[in-house]
Amino acid sequence: MKFIDNARVIRNHKIRQDIHSMWLESPLICQNSSPGQFVHLRVNNSFSPLLRRPLSIGRVHGNELELVWRIVGKGTEILAEAKEGESVDLLGPLGKPYSISEHLETAILVAGGLGLPPLTYLYEKLIAAGVKTQLLLGVLNENSIPLSDKDPLFGSILITSEEGELFRRGLVTEPVIDSLQNLENNGGIGKTSLYSCGPWGLIKALKKIVPHMKLLSAEVSLEQQMGCGIGICQGCAVPTEDDNDPFQLVCKDGPVFPLNEVRIPDAS
Amino acid sequence: MKFIDNARVIRNHKIRQDIHSMWLESPLICQNSSPGQFVHLRVNNSFSPLLRRPLSIGRVHGNELELVWRIVGKGTEILAEAKEGESVDLLGPLGKPYSISEHLETAILVAGGLGLPPLTYLYEKLIAAGVKTQLLLGVLNENSIPLSDKDPLFGSILITSEEGELFRRGLVTEPVIDSLQNLENNGGIGKTSLYSCGPWGLIKALKKIVPHMKLLSAEVSLEQQMGCGIGICQGCAVPTEDDNDPFQLVCKDGPVFPLNEVRIPDAS
Amino acid sequence: MHPELKTKLGSLHTRNPILTASGCYGYGEEYSDVADAVHLGGIVTKSISPVRWYGNSPPRLAETGTGLINSIGLANVGADSFKTEIAPRLKSVNTKIIVSIAGKTIDDYELVVQKLEDANNIDGYELNISCPNVKEGGMAFSQNPSITEKLVKRVRKLTKRWIAAKLTPNVTKISEGALAAEAGGADAVSLINTLVGMAVDYRSRSPKIATITGGYSGPPVKPIALAKVWEVYNAVKIPIIGIGGITTWQDVLEFMIVGASAVQIGTALFTDPQLPEKINKRLIQYLEEEEIGAICEIIGTLRTDRPYNLGVPG
Amino acid sequence: MHPELKTKLGSLHTRNPILTASGCYGYGEEYSDVADAVHLGGIVTKSISPVRWYGNSPPRLAETGTGLINSIGLANVGADSFKTEIAPRLKSVNTKIIVSIAGKTIDDYELVVQKLEDANNIDGYELNISCPNVKEGGMAFSQNPSITEKLVKRVRKLTKRWIAAKLTPNVTKISEGALAAEAGGADAVSLINTLVGMAVDYRSRSPKIATITGGYSGPPVKPIALAKVWEVYNAVKIPIIGIGGITTWQDVLEFMIVGASAVQIGTALFTDPQLPEKINKRLIQYLEEEEIGAICEIIGTLRTDRPYNLGVPG
């Protein structure tokens, strides 16, 4: 079931330069969503910008959900101006969520930059379900962390940063490899799932690491320019490796896909 | 000489529902303009809205000029949001001003609604020059007076209103006829000019009244959709009664035209 | 008295003038969670080809200004799946269902009609002879009036159902194509399909969609669409369905004033699937205020008798 | 090293790739109070006809969305006044001057060229065979490739000056017109002129401009213009001047990437007469940042080798 809901803005604030977080009240969407899904939202009542914007559903607390985004263009810019008490038109929840096996014992969540929001949602859900969960975040530097330092969750995340001195220096794939190898050594790898959301560079790196491990599952989230957001327009197709079924829709078949089914774009 | 000037907003406030007044600092335009001229202004730095908006130059006090407008669409709406200290891109002064004969002794200024701003400018200039000047304003009701009740000028204006009880009830043409007839009776009509700015209905009415009077001159201000505002695009043409020269440009040949040269549109 | 929104497209009567454009409302059911078809004059399905088509390489969409460029390439389930899996369920979709048909050859169009003739819940066909995103057929058909006429004629022979021909604006004279469709026996013409458009990423110097050019739609095409409808209105007698950039009730009135008997909304549905319902409400209100008894009364009522119709000042 | 903005349009060399489009910068002097021509690659004058034309009935302009519809109808002073009164003064306008020519017949174009051949301060001609706002000639000429070729050929015989043919986008295949212009001996092609468009006032049910339809320009036409330039770039060898909806330095790069050797800015000048200067500054900055020595290097460098070029995520 999908809904169009005029969700009330509870709080909208800047976390860092260009990164914003908004909490919205939407019982309909909160009660029907799972981590990995997204909303397709209208930033205003006009048709300028023309299309809705897709944003991952971040943490869900009761009837409130969080969106976290980077300002990249006019849509995200307008959204940053929404005031408390105003309402935002959400279409959702959309797409396939991360899959959680009943055999899951350990989860490794790997976020690259703005890939964090769906994984914070997943993190809180897995922790509540008693799954051993590690949340890793790779960023360029302090200014690209999509979470406030003061956020209760902040301390639970292992952050690596390519620049700067405040966090573990390097790529997020390094602690990922460490963790996976530990799990392999202690026999836990078969009950471990890897969940990721981030840029192509990260997906590429995971594609090199993961096939050598006997994980329960490995899933990543993709992005693509969207029209409808619900599987109608066929606009958000991404190619598969399967010639008999050459495309999948990010909005409907994804955004979460098994890592091994994802085809890296020619251009990246 | 025309200028593009980033004029600083001194004050921008709502006079009434939908009617706004803004004072801008622009030495270049203030020092080079005359009543009846206009500025062509950019309401923001984007090309949405696409074109500049023409607004009459209202009162000029030193290096500051007043604009008064009614919100009718997106351009005037955006302009209403300009904050003190921000700057507005003005192209001006543009067009031909009201002409002031050296023989002028008495002036009758007839505004219809939002036609008032250029006539307040003219009024102050004529008064300063010692011309006997009467400023008449016709409005639909109290809510369409483009001047604040608290404005020092307010008391100097004879207001007629089609609805409501606060002002002389009726059309502004009635006191105009009275004044003109008085002037005719006392022999002053030959040294009297009539200046007007307002909707077609007013122009039509004046066209009926004025030809019977031996005025020094009678001029009205026209509006037309504009492109360039400076005589390049030929977009703001209005038809004349002269087949050998069938069009005039509001932005360049006008906006002020001799009343007898104005052709009333077929549709009105 | 409640004003009438009903309109007639020849033998096809709809409860209101707002249909959904092909490719923008799926096969009819997809939006049912969020919008009720009872508010629609009709649904034009995604174009159906004889067999399943996978569509073009991604990226397939680029937003540009307030418009959209798409290069879906007519990805669709194919006539057999549509007939067996989807058509039966359309019974529950409470509006007229027009099946859009696409093909690489004239035979393809015939094939789809033949396959669907005994399927239920279909109120008519719209022949998409105007898609700019396929290598064979598509737009090329409606760029050639004699092919248009032949194609419509051959389909006409196969069915008693209502047929519209959907025309491309990417031509010198769209009225020639409309006349050809009329001569071929079409009940109506739908226009416009998308304009050939292009977007470039200057950083990577790549086209923003994989097929380089695509079909341009949305608010920026409205002035062009209005001009095309007006041109066709002055040429043919069959009813016209106006399409292109509609987002408001005023847009609907404008299309009808220049000669459309109904309209389709496309791109704007992605942003607001409830738009037809909202527009119809406002149309009713407008007709009431203006004391117009039925929306049909405004079709083709453009006033062309006022050469010097100065809009301003009021 | 300072990057080069110079570009070549065959024998016409300009100091930068930004020209002003016909009809949007007067005859060359009008904007001199507020913008210095030294920042321009060139000025294309308002189209000049053999005698003075008064233009169409008003209203002549309608803003629609972020676009503009105009129906000026080529109001201009005529070749004689231009020659005797204006051309001599253009000496003080420090940039290349291209005189745009319009006519109702091929003879008209010849007549204007004959009148202007011994006028000074003219660096070339642009044949406006694409105006949608005149009853005779105009757009109809470039809608017919054989007329285009004949017209260009006849003008070519009369002058050694540089000639460009300005083409209409209101055709099925613009490259046919471009090939015809090339065959006729044009030094370059300019595209696009305006698209036929229409705007309606639903209240009065009147067209917003007196001629009912007009020419649509501004940002909404950019995707269409880019597609046309790309089509022509793949067909002809002569240089292309890209026109349509340019408002930013990125737009200029996009047109050049798809094959334009220079561009013209039209409608946007009304809003910002200083735009060419601003854009050139930003182009220099971009070339510096990207370490590109000359803007010419980017002409026609569209990458078409990446079918699955997924733009997102970064």
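Every chain is named by a letter (A, B, C and D) in the order it is written, and numbering of its residues begins at 1.
Heads up, the rule we're going with is that a residue touches a chain if its C-beta (ideal position, glycine included) is under 8 Å from a C-beta of that chain, and two chains touch if they have at least 3 such contacts.
No experiment lies behind these values; they were computed from the predicted model shown.
Visitor: Quick one: which chains contact subunit A and subunit D both?
Guide: C
Visitor: What's the farthest chain from subunit D if centres are computed as the mean of the Cα atoms?
Guide: A
Visitor: So the centre of each chain is just the mean of its C-alpha atoms; given that, what is the distance between subunit A and subunit B in Å?
Guide: Using C-alpha averages as centres, the distance is 58 Å.
Visitor: What whole-number Å value describes the gap between the mean CA coordinates of subunit B and subunit D?
Guide: Subunit B and subunit D have C-alpha centres separated by 37 Å.
Visitor: Quick check: how many Å separate the C-alpha centres of subunit C and subunit D?
Guide: That pair's centroid distance is 33 Å.
Visitor: Going by the touch rule set out above, which residues of subunit A reach two or more other chains?
Guide: Within subunit A, residues 48, 224-225, 238-239, 267 contact more than one other chain.
Visitor: Counting only residues that touch at least 2 other chains, which ones in subunit C make the list?
Guide: 57-59, 66-67, 204, 206, 219, 306-311
Visitor: Residue numbers of subunit B touching subunit D in their complex, please.
Guide: 1-4, 42, 47-52, 91, 224-239, 245-247, 267
Visitor: So in the complex, the part of subunit C that touches subunit A is made up of which residues?
Guide: Per the touch definition, subunit C meets subunit A at residues 23-26, 30-31, 33-34, 46, 54-55, 57-63, 66-68, 70, 72, 75, 204, 206, 218-219, 247, 267-274.
Visitor: Which subunit D residues qualify as touching subunit C in the complex?
Guide: 57-59, 64-67, 69, 143, 170-172, 195-202, 204-208, 210, 212-213, 216, 219-224, 226-227, 230-231, 250, 253-254, 257-258, 298, 301-304, 306-311
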